[in-house]
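Every chain is named by a letter (A, B, C and D) in the order it is written, and numbering of its residues begins at 1.
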């Protein structure tokens, strides 16, 4: 009787729910199909590689952002951390600004700097009990400010070919940056699925009070999540420096809203508890394909923001799994 | 009753913080507290307050409105373009345009059940495109005569005080009235505190939400009009870099991003706190390279002080 | 058109902006100043206002202003708008209040409408102001004598046109161009685009394949350029960008495809990275402004008006609204770039290249 | 002092004060090995505080907690857990964002971690063992969002019992109102499980349902005003006796105010015909003016779904509803409110009250239009009406401006009832109106329900217990599998027996 009753009331619902998980992918495929119909060059393998390349840095950024958003928090320091890490990395390799030449040591250094700033975000957030929105906004200002103060308006130009190879080198025809992004996704997926911290993020996002009662170290997990998010932003900074061959205080401009949009379009709820880094990868691809597609389809510049807005509403409306959310904020 | 005193004190912490910051700047640079300096500062802050004022209701509901900047830019274009033809009537038209943009964000949020963060972000893209179309991708000048004829009431002087301040204060009173004496104001807070109970009590929550976004759009639109009046021109990028400061003003005032706790007067104070910190740095002569760093730190500390934690259990 | 000289020089003088324009001979020049000039310096605060110290152009602009302030021994302040017009204006008002109007301001307004408000405020407070780049067409210095001293700008149309010609020359005179614009409604973005279109009209073998706004953002420029490579493939013979930041973004996108150096790129502004790229043969050209000069000379003219050295109201309109010198840098001329000569802050209009034109 | 050697958990001379209240006053309490101890008391009697002391949430002002005879300083639920004390929370604390296995081992993932890597297979295997204990047959990888409420409660209990295989000594499981979301069959299962596990664990069982406490416990403690006022073997106890100790006065014979059960009027207030929605089909009923219509049924019988459909909270797919003879469309709660239907929800804290709003704001929430003239909320009028209801229902609140979240459950519920009366609802759908309400306040609620019918209000009641349902109703419908299976008249003196209903329920 139990099975019978459940079968009748939830059967259809659970089937839809099971398939709903794939909604972001459906949106992505649909979008690709439409663009390919307008301009068949879209599915040219070289363009697909370009799309992956364009998605590389945003992908690394959303890994960290997803963790933070899974907790129901938000990280607005993405642009600042990216910039300051890019500046550090570019100043550590052969460049025109410093006499340093530490080669690829710049990579761990950039990541560690991001980790440290992320850690500051987390510590300020949990010890002062300030909403993450405000903490990360403030710390983001500080990060850009520090980069500005160090450079005084200058740009660090990178002359280190080995470092540039992080973006320019191709392995199996695919740029190194994409491989780094793939590695970042695997690391993030591992953290999400196979570490305690990953599971605790879902617990905290689901119900912090309950998680606390169960002995989940809320504060430590929060600090760690922000630190890890910072590390990913730091890595993204290093990648941006390698890609653009320079480092300056405004490197991060325009990255923040793309990152959050991608996370949400991918189906991770801003209220926390629901989502995955894989969702966010799909989200990044949707956003990147959308941007690429608008240029490919020859949309006039003034119309792009509007079309992008409408399509994002459509994508989120289709992709977001709202079955578990009784209301939406 | 000491407990009651304490709660009363907690209510006024944003104001105390503001006065403390003013005192701090004044000890270093006493000319800061001259009447003329302070009125200039307050009048310069009114556009920020206008922009944040309606958005406070959205945040009280637990939502967020990221379209205020785009809406203000768009209405600056609308008012600048229509002023020569319509005269002062261009102002309500521009505010109405803002209201419609707000409604678009609110309706897509409630009807499609997508987070307001995304719906308003998307609407801001659409609004920007509309502004580009309407303005033919140019800024539109408001001639001096037109401005004097139709917008002097916003940017002139009255009783020795800048008109902006009067406009801001009147709007503050109007919105406080809305907040306390009308169902929209009350239910915004109630929705933020317990949306499901509000639904079960028969409150048309979606309608209230759309109203709140419309209010936010309208005040952002009004902010755009004031900017156009102050600057004598409208441009599709006029209000750039206003979004984060306006949200910061709301939060620094002590309104909780999670909804249910806060007030428009707090946003008024919050906007002034932001202005005092920013302008105070210029006044004291903090190096331009250090300003952003100091601003970021003060912002974090100010929120740490002003936020009313008594009603917030979990900080996200 | 009644321009006396061409606004663009083919680098006929070895003067150029770099960050640290040396001021070795400053002391010598200072001794040449009348004593009372120096005596009054202490009364005035000199200030520069611009968008952000985080970009090279404005950092150099600020440096020029600071150099002049040091030169006369005056107090100096830097204000930034952070892209927010209201913040920029509020800062200026705060400084006017603090200095009781004893302010000499060289301002690059965040947006052209800001200029009117700033000028009115400074004039009311009794200060002196020079504006850069952005102002409404119907706002003129002579309407606010003597407080609105001058407006300085660089003409984006001929610059855009000349640099486009350099690009077309680099392409071998024909083929498709794709173009990256700034924020659509920005005045410099509009002027530079007009220049682009003029040059293309003069070259029948050249076609504008697409124009996109990358909003002055190098990352956006990177992504758009990649999409263009897909859309137009080898038809893209040249990439035009309305500033050097976007040009660098486009160049790096080309580099990803192995096209850097093959497909020429041009920018405008003359930042170090772009000059290096011209030197390396990857960019076909850029236009260098002269921010050290605009930063310092703006203050100098205003200061000397304030202390009565110049009677600004009597100066011709060509001395009140004038263009500075934009220098086209191409592979041919980049080799002759040397260290900057010290700026002569007493040669007020030496580098001016004509009165500002208003095009419908 | 002498102390039973076999005590696994005890509290000795515990005192805990909060500003203005002594929450625990010299409490001495012990649980012996293999024992089920009942703990009863009205809300505010100190049960929750005692539990929080036992789980280390609150430190004691005086006295101590002893685990296995040794003084222990518990630093929180997690620390208590490591000492062998596990708690099943009253509020659903299963996280629907996690899987079953992850919920069971939340906070203890370290056991399944090697070198920082979480071994999921191992965790799932261990979870299966725990699930077997509570006889729940679900895949450990299932998301808890896909479970029913009762299943979630079982996961919660499995989580507590998982301590069993992890601690060498005896364990103590604190069951705080575990039965409130369970139906009879599941409660019986729970009791079986408790009995089965007694050789490994001791239990502290807390419930408002005194008969349940008596059924499962060996010994019962009664608390009142922060002190233990009675301790007795279950064999010697009766519900009347316990009740008397709890409230400090004798239980009135007429608990459900049956003497006040009047004759309902002839007019039909609510008529439902052929109604269908998710969870039920073809439901027809007629509710007369002044009548209490009880609906009995197990979880999933469709009675909750029916209640929610009538409240406009669930979409109706077929059938008609008329109020006072006029057909109404119930597409949203506001339609229902407009038709004069008020809903007192099961989840009071979620759907009943807005904890962060004031008493007056909550009270007028459903009828704000009545307090508006010229678009302005008349605060004075609102406050006056609210105050009159506070006086009438004896709602204990410092003022009309107090935050509702700070009131006790009973006072909150009275406030919810007053909300609908202020809104002038003529029909009330009461979904477990006495859930989480202490005994004294329960009587107030019953009194209030009778008052409402006297005034001509009609009530649909989904009782917290069958006893309550029978005691209060004029007429009872029984639902099973989404359909009405039986109808009983329940006049005073001729009330149906519980067993009669149960045969139609399962």
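In this section, contacts are C-beta pairs under 8 Å (C-beta built on N, C-alpha and C of every residue); 3 or more make two chains touch, one makes a residue touch a chain.
Keep in mind that this is a model prediction, so the values were computed, not measured.
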Quick note, more Cb pairs in contact for B-C or B-D? It is B-C
Per the centroid of Cα atoms for each chain, what is the distance between chain B and chain C, given in Å?
-> 34
Hey, how far is the Cα centre of chain C from the one of chain D, in Å?
-> 72
Whole-Å gap separating chain A and chain D, where each centre is the average of the chain's CA atoms = 43
Pull out every residue in chain A that's touching 2 or more other chains.
-> 144, 148, 152, 302, 304
By residue number and range, which residues of chain C touch two or more other chains?
-> 53, 62, 184
Two or more partner chains touched - positions in chain B | 132, 137, 196, 199, 289, 291-292
Between which chains does touch occur?
-> A-B, A-C, A-D, B-C, B-D
In the complex, the residues of chain B that touch chain C are 29, 31-32, 34, 36-37, 40-41, 44-45, 47-48, 132, 135, 137-139, 141, 143, 227-228, 230-238, 240-242, 245, 275, 278-279, 282-283, 285, 287-289, 291-292
Would you mind writing out the residues of chain A in touch with chain B in their complex?
-> 71-73, 76, 124-126, 128-135, 137-146, 148-149, 152, 208-209, 257, 260-261, 264-265, 269-272, 302-310, 312-313, 316-317, 320, 322, 326-329
Tell me, which parts of chain C touch chain B in their complex?
-> 53, 62, 77-80, 82-87, 89-91, 93-95, 97-98, 111-114, 116-117, 136-138, 183-187, 190
Chain A touches which residues of chain B in the complex?
-> 61-64, 108-109, 112-119, 121-130, 132-133, 137, 195-196, 199, 244, 247-248, 251-252, 256-259, 289-297, 299-301, 303-304, 307, 309, 313-316
List of chain A residues in touch with chain D within their complex = 1-2, 4-6, 8-10, 14, 17, 193-196, 198-200, 202-203, 205-207, 210-211, 213-216, 273-274, 324
